[in-house]
Amino acid sequence: MTADSRTMSTRLADWARLKSPWVTVFNSGACNACDIEVIACLMPIFDVERFGILAKGSPRHADILIVTGPVTLKQSTRLRRIWEQMPEPKYVIAMGACGASGGVFHDLYHVMNGVESTIPVDVWVAGCPPRPDEIINAVVTCLNLMKEDLARGGKEWRQKKTGEAPASGPDSAGVPA
Amino acid sequence: MPEVHIPIGPQHPALKEPVNFKVVVDGEKIVSLDLDISYNHRGIEKAAEKRDFIKVVPLLARVCGICSHSHTTTFVKGIEEAMKIEIPERAQYIRTIIAELERMHSHLLWLGVAAHEIGFNTLFMWTWRDRETIQDMLEEMTGNRVVYGINEVGGVRRDLTPSQIQAAFNHLLKLEDRFSKYGEMVKSDQNLQIRFRGVGKFTREEALKYGTVGPTARASGVDYDIRRDEPYLAYAEVPWKVITDTHGDVWGRTLVRLGEMHESLKIVRYCLENLPAGPISVPVPKTAPPSEILSRYEAPRGELVHFIRTNNTDKVERLDIRTPTMANWTSVAVSLVNQNIADIPVIVAAIDPCLSCTSRITVLNGRGGKAGVMTWDDLRKRGCGKNNKGRSVS
Amino acid sequence: MTGHLTLDTVRETMEGLGTAEQVNKFRIRIRTTPERIPRALLIAQSILKCDHLITISAVDNGTTFELLYHLTGPHRSVLSFTIELPRDKPEVHTVSDILPPAGIYERQIHDLLGIGFAGHPDLKRIILNEDWPADEFPMRKDWKPDPKTFYGGIRKEVV
Amino acid sequence: MNALLLAFYILVFPGFLFLILYSFFLEYLDRKIAARMQHRVGPPFVQPFADFIKTLAKEVIDPKGVDRKALDAAPLIAMAAVMTAYLYVPIIGRSPLAFQGDLVVVLYLLTLPTIILFVVGWLSRNIFATMGGVRAVTQMFIYEVPFFLALITPAMMAGSWSISDIVTWQQQNMWFAVLQPIGFIIALIGLQAKLERTPFDIPEAETEIVAGPWTELTGRRLALMHLTIDMAMVTGCALVAAVFLGGPLTPWVITPGWLAVIVGFLLFLAKTLFILLILATIKVATGRIRIDQLNDIGWKYLASAALIQIGIVLMMNYLWVGA
């Protein structure tokens, strides 16, 4: 960690962001196996509320968007709109093989082969469907990613490192530094 | 209040899957309604024509996550009928066990989601917690919690070891008293009854006229169940009975599903007790002779039909999947008219829609069965499109 | 439980409409022509008491389109009415007035195979997305997705 | 009470700082009890505080054509109303600001958050929010009347409109929860409805209209509105505890002043937590009812029960004065 140059309030805000990640699930044409596994995380056996993770209905209230399924053509416009509605700082988790490359539905005529085709993705989860504990592990990796981003002020440093095109959505300058 | 158009979905907390209702309401009452279900269409049938019999089974296991065993069993049963081969008795029993376990966990999942629709989260948590025991059983037997690839043309991939069977018996004991506990709880709970009784009600004639299937139809007294009408797998030898009810509303469907859970448990216990010895699969020729099969199966949500046509090659010439939820959508649209908005999630959840299977239909609006459908563009022009720059709630 | 329909009772009720043959213990296939389908289904519904339409399957076997109407009833046996439609002008009258759920299956077949259903209350697009070109029918044997036409969806770069 | 002590009373100890911390604690306890009853572990202790800070630091999105200033001001008005209502409720003994009629002022100020929710729903120009707002107001008409009646009957018996006088009256005689059990039950149900918790969370019915009036609230507006509802929970519990369970005063007088304050404060904590336990159990044990069913139940049962309660109190007053 670099010498802590951030003010007291930003450090508090960053601590709070890591302690209460709110999640919303978007089914972009999945076989709903991933969806019931995400809901299984909220249930007593895996109970993610002990980490402060709450499932929120409206994208306005969410920090992390979990996208399940290979994005079908019809859902990609909705997925794009939902992603734009989320306030910064927002993160996207693509679920399972479908989220990565369309999985078993790769190259079908009504599918867009993975979430990366429509919105920039931060964390991928392996598995078809991934087990609930893998999903929780994905949220934790997402939180670590968020911690590093917050320390370096925004997502740009990751784009420069991996050389990918910067996210063309509303850039993260809106974050109160 | 003037005519108000409310788009509910495709991203909506009540719906675990993308369905879109364009509801025209007057106050709280629904005037007319249009469902658009085609968000999950992936083109599976076209892909099935390019895959041979071994590769197509994993694809069909992923048509729908909750009823994945139903799709693979229907397809595999059809192909075996086309090839005119008899699979060993033990494989039939193992398939029946997994099918009934899937029915149990699907009904428990439905009971939880229905309770969540009316905000009764405690039952949601408890039912899903007990569903984990069934998941453990399935994982021990087939290796995966949700999409279990146990089916292949000519039999079953994994055998049941005595230790698995013994573990299954202990799980079943625990599940039995949980099911009876939920039975009493649902029957005695005032809250569920207020919200479920008399909602989305239709008579036996209406159920038949609008082509409902599965627990939705059996709740209105329609006595159709493919496991008894066209016995397949091991259902002919197992003593069980079809649960029907006369309420015809969401409350009746709850009772039918609770009864079916008990029946499934009895079937699984019976199959585990007298599991015949012998091989679990049979060598199978690569190609299927030309034939036309209508393979019917009783999925947790209703009658699932695969229409398979083979033409002497190792691939299917045509596979037409008709899923149970597709048949139930007409009845939902008709029964939703002049109910309240608060009942939409309850009535829709009552048929336990599995949209990943359906992904096929838009339905007529409610006025007397005529189809007056508003597409997304009409809505965009009229309703939510104009009030903000592309940031409207979809 | 009433017994299954035997082949000759079906043949006798359908004598002018088409030829019947027993496929397996439960299923009887009746081959008719497109014009007689509404009458055949009415007779099946009234005399043979088939009150449940299982599904309408559509097959493109390279030369012609085949439509199969599967019906069942309390007698527990399945009647499959099969008709063939010419490839150039696939047109048949709708049965959604006799069997309301048929309205659903016909819309899907129209969307995927391009078979016209005369008299259908509303034959708009259902399962393909809004931007799918109107003249392309994915389930036809001769259809290949060509990369040039735009089938819908948003690419990440294009905003 | 000189000015410095009064300022300390209002701002720090039983004042706003304590109110904010205690509302976080009550929310934590509420979610923990609900989770434990649902066989879950439940959130950690700092969770409400972390949620508040995080939502405070989120980006604020204004949908097109929305009146930004009004949407910013609404949560603040609601918060101010609830905070002022809090001052009149006795925490560690008679509230220094008590005057004849502060019961009516507190009841009025506690209805403001619901009206503000309607305004927010209307302002955010989203169909779900407007539906939620309309539902919030219709629900308010249904439960307000029985709730007011239930809280006025103790005032009639104690013969004064000030909450502190009602508490001192109970100090000499019996608690009103024992004297008027029907009123106590109606007050609890009314409080559950005022805080829009599960049997009555029709406005923000998560599974029907996304998040009701809260749909378009983001960033600091959401944080402040959420804090207002938590504070309303503290004020509501304290009000019902004071009016029905005797508030912070004990039947025998404790001579040293500072000991009386401590004992009073502990009594206040115990009673509010007891009422919170009841509210959390109701929340866990029931599902949401529809707005028209609430209408029937509200007018048929709650309102008539409240009227019966008033009849009983009038008779008791007459006999009491007569004897």
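Note that the chains are named A, B, C and D in the order they appear, and that numbering of residues resets to 1 at the start of each chain.
FYI, a residue touches a chain if its C-beta (ideal position, glycine included) is under 8 Å from a C-beta of that chain, and two chains touch if they have at least 3 such contacts.
Source: prediction; values computed, not measured.
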{"item": "Higher-contact pair (C-beta pairs counted), B-C versus A-C", "value": "B-C"}
{"item": "Per Cα centroids, the chain farthest from chain C", "value": "D"}
{"item": "Approximate Å spacing (C-alpha centroids) for the pair chain B, chain C", "value": "23"}
{"item": "Rounded Å distance between chain A and chain C, as computed from the means of their C-alpha atoms", "value": "43"}
{"item": "Centre distance in Å when chain C and chain D are each reduced to the mean of their C-alpha atoms", "value": "61"}
{"item": "Separation of mean Cα positions, chain B and chain A [Å, integer]", "value": "29"}
{"item": "Residue numbers of chain D (touch at least two other chains)", "value": "38-40, 61, 206-207, 210, 215"}
{"item": "Chain C: positions in contact with at least two other chains", "value": "128-130, 138"}
{"item": "Residues of chain A engaged with two or more neighbouring chains", "value": "44, 57-58, 72, 74, 85, 109-110"}
{"item": "Interchain contacts (touch definition) - all pairs", "value": "A-B, A-C, A-D, B-C, B-D"}
{"item": "Complex contacts: residues of chain A adjacent to chain B", "value": "26-37, 39-40, 43-45, 55, 57-59, 69-70, 72, 74-75, 78, 81-82, 84-85, 103-105, 108-111, 128-129, 131"}
{"item": "Residue numbers on chain C that touch chain B, as the complex places them", "value": "23-24, 26-27, 29, 51-55, 57-61, 68, 70, 72, 74, 76, 78, 80, 99-101, 103-105, 107-108, 112, 120-122, 124-130, 138-139"}
{"item": "Chain D - residues contacting chain A, complex", "value": "31, 35, 38-44, 46-47, 49-61, 206-207, 210-211, 214-219, 222"}
{"item": "Residues of chain C touching chain A in the complex", "value": "128-132, 138, 145, 151-157, 159"}
{"item": "Touch list for chain B against partner chain D, complex", "value": "4-7, 12-14, 28, 115-122, 125-126, 129, 191-192, 194-195, 340-345, 383-384, 387-389, 391-393"}
